[in-house]
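Pasting the structures in now, so scroll down.
Presented sequentially are two complexes of chain A, the first with chain B as partner and the second with chain C.
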Partner chain A sequence: MKSKHTFIAAVEIGTSKITVFIGEYSGRELAIIGRGECPSHGIIKGSIVDFKKASDATQTALLQAQNEAGEDIDCVFLAQSGGHLEGFYNEAAVNVKSADNMISQSDIKTVCDLAKAKMLPEGRSVVHNIQRPFRVDGRLVPTSPEHLMGQRLEVGYWTVHGQKQRIADFIHVIGGGNLQVREVILSSLASGHMITTAEERQNGVLAIDIGAGTTDYVLYKDGVAHTTGVVAIGGAHLTNDLSIGLRLTTDQAEKLKLRFGRAVIQSKDKADRVWLDGNFAIGDRQFPRQTIEQITSARMWELLEVVKKKLGHAFTPETCASGVVLTGGSAKLPGLTECASKIFAVNAHLGEAPSWLADNLRDPGYQTALGLLYYSLSGKAGKASASSETRGFLGTLSRLFSNG
Partner chain B sequence: MDLNELPLDPSLASERSIAIKIIGVGGAGSNAVDRLKMDNLDRLQLACINTDSQALGSSPVQEKILIGMNVTRGLGAGGDPELGREAADTDREKISVAVKDSDLIFLLAGMGGGTGSGACPIVAEIAAESGALVIAFVSMPFSFEGGRRLKQAEEALRNLRQVCDAVIALPNDVVLQEAAENETVLDSFARADNWVGRGVKSIWAILFKTGLINLDFSTLRQVFQHRGGKTLFGLGEGSGDNAVADAIASLKLCPLLHVPEFSRKADRLLVNIVGGTDLTLAKVNQIMSAVAEQFGRDANFVMGAVIDEARQGQVEICVIGTSDMGGRTVPSRRATTVKGRASFSSSQTEPAVVTENLIEEELPATGNTPSGKTQTSAVKTAQHEFGFGELESRGNFERTDRNLYDGQDLDVPTYLRKGIKISL
Partner chain C sequence: MNLDDHNLPPESSWRNIPQAVNPRAMSKQGKRRRMGNGIRIIVAVVSLAIVGWITWKVGVLLQHGPRSSTTAASSIPIGNHLKLSSDGVLDNDIKWLSRTLDLPDDATLMSIDLKQLQDRVLSEGQVASATLVRLFPATLSVTLSERTPVARIMAESADLSSKTLLVARDGIAYSGLDYDPGLLNSLPWLDGVALVHQGSGFVPIKGMAIVSDLLIQAKLWVNTLYQTWSVVSLSKLQSDGIIKVKTKEGVLITFGTQDGFFRQLARLDTLMDTVKSGTAGRAKLHEVDLSLGQRPNSLQADVPVSLIPIEPKDGEKSATKTTVSGNSSKSSSASQGKSIAPRALTAKPTFNIHVP
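Let's look at the complex of A and B:
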């Protein structure tokens, strides 16, 4: 195989489904040449609980994608989520060494190393060090501060760390198929990048990806990821709440959720009842629409409130001028934007995939895996550059998919 | 005409007003009554019921009832609720004499032992049958007393809830938390009894003291019209310049209210404020808004304010709340009393039996409705039981790690934790 062409697989092992995209990288641009999908098994709240089942499902999806692409995968970029992930902020400062106050490469390296040097608790490992912009004498520097003049150089990192074992579980699932995981990337960063524009990130935006088992969020400020987080609540909780509240099986509750679930209560009429199946079969039952809305909206409000609480002082409506962008499978719940705009007191809208993306890839559920491909290009996760490159690769991508 | 010749002379009328009786059942209950005896509340009748003749002998209370002479030979139930139950069962006559002609009966008992756990539900049932409003104050055992006693206590508590109008459980562990390092056991128990005493006194004050905003017996009865649900009970007091603020703060800190948020919401709330002659309407308003904040605005409020000249410059707030949750299955007093008598023995060992009987009885009434409808009504009843019995339900997430945030397990449905009532 020519060294120029690499085949990159973006894998998202989610709670409801496993998504695989294979991208062909020619050195200049990247085209999606294969897609695989398989319903998940053995994964709850974003963590693997049954290794065998999870592994089988992942291999199925990988195989499907490989068959479609007709190529072997060289390396895998893996999305990472789960309630065990936590983050903290740590910063460091150095006095610029040289006599003429010009910042050198070695100053930058020293301050970065210092800021990342925080010890982690036992059994945890770093998933990401997300760099916040440099400051030179308190002044914000969006790019590299090299060759700038100043006395004092500061930098901070938002460090995301997780349980070693949980992360290893995911890597082993991929490794079982003789594939190499090149990099593990936070789900929130992957999807957040797909649904926000560079301009929004500069103005400040909060991207929330509500999946089946977890909700991943990332707050962008000054063009870079500022704070990320995971709440181990997702669409599966809505289903579970309904199945407990209405005494249904999970499947029945899921159906009701999809048909009648809402993030804000709309029905005022207590007597308004809806059928479980609506097919006049024996055993079909009626439920008040209001009850369903009460249960689902209570959960959604709480979920977004937890996100807000977790963000704490990092989030203020003033510093988040571009508002809230929502995505993920559960973002399809009607009324969600209204709910989010009330809680965060900013404008909220559903994340729209970039316009050049083919129709069959626009589903909110795909954005994480597509975002992974983007990150595979930029080479190093956490950096928010390469915007010109994006247009190139995704341009190709959309063309391929609308044709075939 | 001479006033004394009237058939309703004033003294007689007040005699006839409301008869309140406090009955201590078992060792702990009798001790609590003994202590109350010292407080000298007028127009209160006190009684003790026990299986232990020796303990009864040493009690200063006038009315003593020894039960189960044939069962235990007067030696106590030895921590066996079954024995306690049997003892009360054999002496139903004696008990019904004791509870006769009372309008309001307070039962005091310690759960977890023999007589308290076993006999108390029966005493409560006999009292309820006689038509009295029955409010039970029971203490739950210390954790260090072991799992068996706790299990017995919970079982007994369930039985009691079925037959009493209100059950107020006081976990002894709370007393332990409050206790100072060098406090004696006697002091600690005295304090536990003090909580009970304050509760009883507060309700007594509602009925007998002059009311700025008066509450009467039927209002009290209204609050407790549904049985089987959980009862909230909290006290707070304050004195001095900031009496009102202190009282509200102390109510918020009341250890009896330290329960998860979902059970802190009440459907009917009785708030009684006792203060000196300096109690103003503005202060009452301040207290009521704070209480509404704490216990949910949707509740049906019943408020009383009592002036007690002896408590100048002091404010005491007493909050009693009842919730429909879980109580629906035993809808009204009448239904329970009738049904309770019929299926008496089974109700003691298995409370669920009573409920099922009730459902079965209700169904034929709607016999000519389509079968689909009958089905939903059965489901409905089952649902309410379910919501109450499995508050900690995690459904599909049962076997996964707890999803803790802010002291709550987020895997438990939000509507359960927030106490949102859903209709089916």
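Let's look at the complex of A and C:
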């Protein structure tokens, strides 16, 4: 019954690379059958600045994945990032209409509509309306409050919105391949669900995805995404700082960052110098290791400080018991967890890919695209609890990757 | 969070962003996918149309019942629902067909006997073959293949009245229908054959295939001479293998069946041209015998001809006899050429009809 299957492409158009995964959704389970990857062009800090180059690169990755899958793509789930994305919280409360104080579906709909009714500035489009748990007379209700007794029903929404034109650019890059975007999903939500467990989300956890051009973060509380955000700083800024500070080309700076960059300064010896290439070729130079570490750590500290500042009162060590989980291509920078622990004053660790995931998919840079497939599965499967979603998804992918 | 919880105000959602892209901005892959989608749509539309048409046809069939065709065929009289097509002059001659079939007024497609009707059509000698087909609900279709006349013959019926018949290549004699009178008048008469009755027709005339070859080739290659042929005699065809032709001017031409007709016709044409040009002197051609054929060394033999003198004008000598051979001709005495006594062929042939 191959014809009943849906072939979903999860596309992450990042600043440094474009990643595509193709999943075959059979109605019950999802199998990853194709992967495409291509260096990114025409994208700066998560925004498209050259449509043609970005389109060509994206179509190359899509074609690569499609050829590997051997199937035509039916729809696309697209990751959305960029400094233009912002969020705000809005809540509403209603008095329960029923004389016996039993909450009805009508009460729930009314309070939800009111909470989402806030107008956006001109030129902005909503990407997500993330619902926080209901409260009935101040009592937290993580699921539906229907048929519960109470006088006052409250709910809040974290609304993520972005510049309409920038979102349209991403959609049109996909449309250039005559493909339909089924869902636009915040990158931080996609990767956050991959690197955190339901238990961590329930206890409170901050997931930070440090990419090349942007850093996406999501703070989970009570099992749901509480606050999200994007900082237009990423690993590319570290490279740029090294390039300027040490007067190197971008490629040379990138090479130094990967080999000697650290989020915390470890070197104590100012005389400790490292070779640029290390092959003793003509043009090879030496640089102070401590200087390299100072530059990279300074920028990384600054980045995490910005994240903490943007979180504001939403983040407190007490409400984030599960600490900070780091992922993304730049999360491989040594000392990052130590750096994050000092800044956020909580435990920090690198996000680990699930054990059942194949080795070639465990790279932190793939977590966003894999998370998109997760959302495609949850969207198809309909409403389900967080725990059952995870179990179902893990079970599905476990079967998939255990087969090869 | 669940995707179903979005429930966004329609005016502010990213879903309101149009996803359609100008085809010029599309990648090659996109254009290929677009073309593929177009083809799929066309195939789907065509498939739906076919399925719809089949459904409609089945619906109509079921509406009128599965036995509707045969029921209608057994209840609707054929009447004038006759369709005739032919490769000859009878094409669309419905009146003749109706007269020949002689169907009862209440005859229906299911009540008629096609074999019997076919025999009726074939009883007309002009018809070589006939195919009868029932076209439901009430049309009878007849497709004919007709004989082509090559000569005509005068027959004498039992009441001693004479009747002109046409003869086809296969020797069948029949009274023709719908032919152009000009065409019939151009056909030569047959002589020296006896028509024998057989049923409502006649026994096929033997040797007509050979005679037909001669006539057809003459019409094709020497049409001017053919137009002058009046009577073709088959009296010596079976015994001596010769065909005698009498022209309207009274010249008797003998063709042999052993040699090719084309060569004989060529020689005749040359001979006639020679005579007409007057190189043979003032004489009228009386008889030509082309049946002697060739010499063993394949050289052409002299054609024996017989000339009769023409009444001399004042002051002119009369030519007695001339032998014409090949392309040359010379005046000579009677002893120099062979003379073949002309056989008497009447201008209007008479025939004996034997009734077995």
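The criterion applied here is as follows: the second predicted complex is superposed on the first by the 375 of 404 C-alpha atoms of A that agree within 3 Å, B and C clash if a C-alpha of one lies under 4 Å from a C-alpha of the other, contacts with A are read in each partner's own complex, and residues count from 1 in each chain.
We take it that a contact is a pair of C-beta atoms (placed from the backbone, for glycine too) under 8 Å apart; a residue touches a chain by one contact, two chains touch by 3 or more.
Source: prediction; values computed, not measured.
With the two complexes overlaid on their shared chain, look at chain A and say whether chain B and chain C clash or fit.
fit
Mind working out whether A:G329 is in touch with chain B, chain C, both or neither, as first, second, both or neither?
neither
Going by the contact rule set out at the top, does A:E302 touch chain B (first), chain C (second), both, or neither?
Touch partner of A:E302: chain B, not chain C.
Please indicate which partner A:K164 is in contact with in the superposed arrangement: first for chain B, second for chain C, both, or neither.
second
Report, please, how wide the angle is at the C-alpha centre of chain A between chain B and chain C, in steps of 10 degrees.
The C-alpha centres give an angle of about 130 degrees at chain A.
Check whether A:G36 is in contact with chain B, with chain C, with both or with neither, and answer first, second, both or neither.
neither
Scan A:G204 for contacts with chain B and chain C and give back first, second, both or neither.
In the superposition, A:G204 contacts neither chain B nor chain C.
Given the superposition on chain A, which partner contacts more residues in chain A: chain B or chain C?
C
Chain B and chain C, closest CA-CA distance after overlay, in Å?
Closest C-alpha pair between chain B and chain C: 23 Å.
What is the shared patch of chain A, the residues that chain B and chain C both contact?
Correct list for chain A: none, the interfaces share no residue.
Under the stated contact criterion, what part of chain C meets chain A in this complex?
Chain C residues touching chain A: 1-9, 12-14, 16-17, 19-21, 25-31, 33-34, 36-37.
Which residues of chain B touch chain A once you look at their complex with the stated criterion?
For chain B paired with chain A, touching residues are 372, 375-376, 379, 382-383, 386-387, 393-397, 399-401, 403, 405-406, 410-411, 413-416, 418, 420, 422-424.
So in the complex, the part of chain A that touches chain C is made up of which residues?
51, 55-56, 59, 62-63, 72, 112, 116-117, 119-120, 124-131, 161-162, 164, 167-168, 171-172, 174-181, 183-184, 189, 224-225, 375, 378-379, 382-384
Give every residue of chain A touching chain B within the complex, in rising order.
44-45, 47, 49, 83, 231-233, 236-237, 239-241, 243-247, 250, 270, 285-288, 290-291, 294-295, 298-299, 301-302, 306, 309
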